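Sharing a structure, written as structure tokens. Questions coming.
Here the chain labels run A, B, C, D and E in written order, and each chain numbers its own residues starting at 1.
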Amino acid sequence: MINSDLQALVTTLEMAALTTLILLIVGTPLAWYLAKMTSRFKVIIEAVVALPLVLPPTVLGFYLLIAFSPEHLPGQLWQQATGQQLAFSFSAIVIGSVLYSLPFVVQPLQKAFEQLGDSLLEAGALLGAGPIDRFFSIVLPLTKASFITAASLGFAHTVGEFGVILMIGGNIPGETRVLSIALFDHVEAFDYARAHLLAISLLIGSMVLLAAIYWLNLPKRSNSKNLSQVRSVK
Amino acid sequence: GQAYQSNVNDSTNTKTKSDDNNKPLRIAVAANFTPVLKVLLKDFTRQTGIKTQVISGASGAMFLQIKYGAPFDMFLSADSRRPKELEQAGYALKGSRKTYAIGQLALYSSSNNSNANSLGQLSLEEELAVDQLRKPPARFAIANPDTAPYGKAAKEALTHLGLWQLYESRLIKGINIGQTFAQLRSKAVTRGIVANSQLVLNNLSGVIIPSNYHQAIEQQLIIIRSSKQQTAAEKLSHFLLSAQSQNRIVSYGYAQTQLVNNANKKLSELTAK
Amino acid sequence: MMMSKTKLNKVPTDEYPQLNINIRVSYQQFELAINLPIPLKGITGIFGHSASGKSTLLRAIAGLEKTLIGDITLAGANVADNILVNTEQDHYLKPEARKIGLVFQNSRLFEHLSVLGNLEFSVKRCKNRQLDLNEVIELTELTTLLEHQVNQLSGGQQQRVALARAILAEPKLLLLDEPLSALDQHSKTQLLKMMLNIQKKLNLPMLYVSHSLDELQQVCDTLLVLAKGKVVNFGNIHQIIHQLNNFGDYTLIHQQTSLSLPIKQFNNGHGLAVLALNAQQDIYLTSDKAFENQTQLRCFILASDISIALTEPNNSSIVNHLFGIIKQISHRENKVLLTINCGSQEFFVTISAFSQQKLSLSSRQQVYLQFKASAVRTFIH
Amino acid sequence: MINSDLQALVTTLEMAALTTLILLIVGTPLAWYLAKMTSRFKVIIEAVVALPLVLPPTVLGFYLLIAFSPEHLPGQLWQQATGQQLAFSFSAIVIGSVLYSLPFVVQPLQKAFEQLGDSLLEAGALLGAGPIDRFFSIVLPLTKASFITAASLGFAHTVGEFGVILMIGGNIPGETRVLSIALFDHVEAFDYARAHLLAISLLIGSMVLLAAIYWLNLPKRSNSKNLSQVRSVK
Amino acid sequence: MMMSKTKLNKVPTDEYPQLNINIRVSYQQFELAINLPIPLKGITGIFGHSASGKSTLLRAIAGLEKTLIGDITLAGANVADNILVNTEQDHYLKPEARKIGLVFQNSRLFEHLSVLGNLEFSVKRCKNRQLDLNEVIELTELTTLLEHQVNQLSGGQQQRVALARAILAEPKLLLLDEPLSALDQHSKTQLLKMMLNIQKKLNLPMLYVSHSLDELQQVCDTLLVLAKGKVVNFGNIHQIIHQLNNFGDYTLIHQQTSLSLPIKQFNNGHGLAVLALNAQQDIYLTSDKAFENQTQLRCFILASDISIALTEPNNSSIVNHLFGIIKQISHRENKVLLTINCGSQEFFVTISAFSQQKLSLSSRQQVYLQFKASAVRTFIH
């Protein structure tokens, strides 16, 4: 009984961790590009990235399901490349979550990169730091807080995701059955005691996780000049 | 519902191994029947040694998933329309479509002394139902008549009583009968029409709405044509339709099915001709 | 008035690397248009009014001005011919590949790093290190500040960190945009000394923007004067300063005689150093320990510090008496600027119109220049 | 038929606009407070704000429904104050959406406020600007881009919301039936033609809206010094 | 060494408002501890090495230092008694309620506003406006820059905008943290003149932080010298400068005689202005149009600019010959500092040890001081 929930927890964590990783790897250059881009196509790309927000997850899931099925190109390509069906696989829910959570990662990062400005990057370049070096030695540490926001929004949103995953994953235990679906199932199956238990564990677990993340991000600022002056200008 | 497997390790095997015999029989089932199925499957596994995995969900979603290649072996829908469509579209094993249960509507009220209204004689029931329904509350919960079979039946019952007009503007429509029940359980809405089986399973009581007020809520199953475990699936189909299982199903708040299945057979014979 | 190229060819280009600039940077209300080869010998000063385009020029050389049109090459003996930018050929070397350092007018320290972290940023990225980190830290007086967050530093401290950071990167060319503006006289002097040392040690050419001609006179060999985005003067710093005396904008400089002279005696036993002006005449100034290891001294004498006597003065505390012949007399308002030849060296003297009237000086007249030992100024001593 | 979709559209726009407005009004001071707060409770508040992300919407909806029912305090208070039942009302779906979308508004604003620093606020204070004045004359214009991000994330997410609204709204036409539910109904009812049509209209509509928003935000930066130097340090 | 309160009571507190400071601001490696009443008369200079706590003091007065312990009150004739902060009574007046302006060391312009927008920010929030926006714009030479974005400005332009913005807010007290450090000599002079005008026009007291004693000498009545977070000197600027001559840190200042003298004659017909040193003796300096409307002139003569003659000098372009009696002779390395009384006014003269040896001067000896008209310096002319 509890075993099956544990299994869902493991799947959820695997999926959310992998999704967050991919989101950061894909989202960071995308956000950087958008932040520095001046072309008029920028607004279009921005709108496309934000689109998953507007569609109800189940509907988004419906379209993804169609795309992932072996009858359509993305699903076909995947099958040719990996020999496995894409729909109803672990890979499918990761891809779905990545698409669905992309705006939550891209937008905070983009704004952070925009606010950063160029002056410190110019200084870095003139000390011999190339673009990659500058990114890791200047941009990343200065926008650390936004990366944490982006990652935690992405992670949390993936954990809470339900409609898309249910549709393209098919709720298969050990593969695509995640905690949010398990929780939903408990409610549907009138198993309120277990639903409450799971919901509360989920809440406490995520709260501890989120608090830990935010706390990790806290001490860095504590002895800065700005902080000591907060009271004066509140 | 959750996965029912005699051995949890098997689930990991399903990822890696493609050995069909080792794979459990994967059953997609409408959420409202999941608890009953789980009880029945215990016996089934004991008798046949066939391992099973239950995937519970909304019939609509599962219907779409099967169309797009979901790796299910069997589908227990909450209605008859979707199995029929799947059969016509060639996703079902020919002749595998069977009615495994017939839903029964019940009027549920979370606020009043509904405990007094224990299930009794039909005539009394009828009286009670009509009686209560004639005094419509501000809000009344049913499943969505356009998409959910229990909702459609509820609408028919209300129409039959000439009360649909009265109720139409007061309806809280759940996406399926599960959500309607959840809405009632939250007590945000106090009265509504749910599946009788939901009440039975939760030790609640309501007033059964006579089945002749609406078309039968046939819950049908099919065996998926692409399944590699069709024999095991057929065994389960037989098991579910056996008199013993049917009696247990009825004891969980469903109506008798015998009649319907026969009629169904005749119908399909007729249409086949 | 832009200098002709022929005039500049005096500086031997086969000995020093040379920065050839031929660019145009345009903004709505401002255009920088420079066409000039700059021999990169020692420290080259850049001087000009506020908003004359000094920072824009440095940014262009560093590769930060993207509206630039034209080309910049860094050519010369030690450096392989190197096109930094050539918009015609669509060639553009990225700032990080130019090996050019820039100390910005605003320090631009990395806020996420401590003082030490900022310095190490440079050190880590410097290949073939020649400078010792600890030595630079000591010279810039940052020893006690290493662990500080940079936003906790005072204005002057920030400038010192920025300077140390740029030097530690050991670039091929260092651009300095008023790097010492927030520092007091003492720190300025110390840091200018350090920069001179490092310039020699690494043979690192520098372009130095400053509003203080005194500062520039002490450390620069060559001076570039900008006005409204154009080069108005370029060449040997003493020459330029003397040109400014005659033609220059009153508001730009204090008129002065700018000199580089051999040290004849470090200390004449009375606390005075002796410089050889020419075979016959010496100049005395207060001796300083720092002169000990030098053979040549750079100094300047403000035109207002020199007075004229018709007879050789006696009984005065003034130690320097030079004999000279008046070459030119020019009036401006109540002041008179005299150009006087003492041997081959021109001296500039301002006296009041009142004095001129009293003494009724005329061209070709023989006079004595007198000025105190302390009037011979060295910014760095 | 199409009428009912139009009605859903109107309800959706009303709901999303009202929700976004409330989100900005509630989220801005909250974000400011979090950005300037140094207490250790900060991480806890941050985690609580982020919680709606983690719970599957249907489950969140279930708990909200319980809270909104006349049996429980929030629902009771509402009923006493307004004389109307909260659950299954337009107000309920607005409140639900506000809770659900809060992190999308608070987090980008908070990060923007944190990155802003105090130096310009100090300058403003010494020119005689009080806290409110400073907010509108300095903070708001400098973080405009983040406000637009926050508002568009909040709006889009509310439009796409489905699980929570369905549970606590009850799909009542003209009151709580929104576009995402209508779309889902079409899919469930095998009415794929209408579903596709609605989804495409929704996509195009939101894309135009999002593009317009981002475009509005674009020209402001176009003649800044930073922009002209972008190429150099990319 | 902190000044005793009694000494400061000389300044009539019933005439000018007074800023009573008794505070302590502590950082890890630095503590600012000030206990001092500052009479707010005209412009008060604040001078000190880098990192001596100048900016911290201004921030404390403005209400931006939150680790502050102690109290600051603004008391006086025109201003109602006003406690800015008193940590014992847990009283704290917010910066925006203090009516104190501050020009930061880094300009801190509002990036989202144009130059004009930045200026209007102040104007909008200023009640009972007395200054004319257009006039201030003209005086700060911002006319052509009004539509510019502030991040497009040069360093000097930014400082001018920051200064204009602070002045336009018309505070009760204006704090200036090196507001002119990025400007050239000419602009500096112009702006200092403007500030003096505005100071008088609005009767607006100012505290002025600068590294340039020349600048301060010209505009300040009172000088405060900070070192390592403590007040080491405070009082009349001429006195302080003379104290620094004797005891002060060599690196801090050029030794000089600092004077405020009545103008006897604006132009003696020979382009010289005449100042009355005492009943018998005058001082001549180059006349300037700006003196025309003044009755009193502030000037300084560098000790190194004055030379000593034993007999009254003739035949020299030097116009100023003052008779005096040597009061004190002090040696430092190769230099000798003479303090000489001319009537009641002390003059400071440095000569080389060599000259001293030659002239063998002794205390109470009668000598002639000689210095050129142009040695009488006024920073602003």
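The criterion applied here is as follows: a residue touches a chain if its C-beta (ideal position, glycine included) is under 8 Å from a C-beta of that chain, and two chains touch if they have at least 3 such contacts.
Everything numeric here is computed off the predicted structure, so don't read it as measured data.
Shared contact partners of chain A and chain E, listed by label, are C, D.
Path length between chain B and chain C in the chain contact graph, taken as the least number of steps between touching chains: 2. With centres computed as the average of Cα coordinates, no chain lies farther from chain E than B. Our note on geometry: chain A versus chain D, Cα centroid distance of 18 Å, whole angstroms. In this assembly, the C-alpha centroid of chain C lies 59 Å from the C-alpha centroid of chain D.
Centroid to centroid, with C-alpha atoms defining each point, chain A and chain B lie 36 Å apart. Between chain C and chain E, the centres computed from C-alpha atoms are 28 Å apart.
The multi-chain contact residues of chain B, meaning those touching 2 or more other chains, are 64, 179, 182. Residues of chain C in contact with two or more other chains: 63-64, 94-95, 106, 152. Multi-chain contact residues, meaning those touching two or more other chains, occur in chain D at positions 58, 62, 122, 124-125, 131, 134, 184, 187, 226, 229-230, 232-233.
For chain D in complex with chain E, the residues that touch the partner chain are 119-120, 122-131, 133-134, 137-138, 141-142, 144, 223-226. Within the complex, the chain C residues that touch chain A are 62-64, 94-96, 98-102, 104, 106, 108-113, 121-122, 125-126, 149, 151-152, 165-166, 169, 171.
Residue ranges on chain E touching chain C, taken from their complex, read 27, 29, 48-51, 54-55, 105-106, 144-145, 148, 152-157, 160, 177-178, 181-187, 189, 211, 249, 251-252, 268, 270-272, 284, 286-287, 304-305, 307-311, 313, 315-319, 333-335, 349-359, 370, 372-375.
Listed in rising order, the residues of chain B touching chain D in the complex are 60, 64, 85, 138-139, 141, 144, 146-148, 171-175, 179, 182-183, 186-189. Residues 1-3, 5, 8, 11-12, 14-15, 26, 31, 34-35, 53, 55-57, 61, 64-65, 68-72, 178-179, 181-182, 185, 198, 201-202 of chain B touch chain A in their complex.
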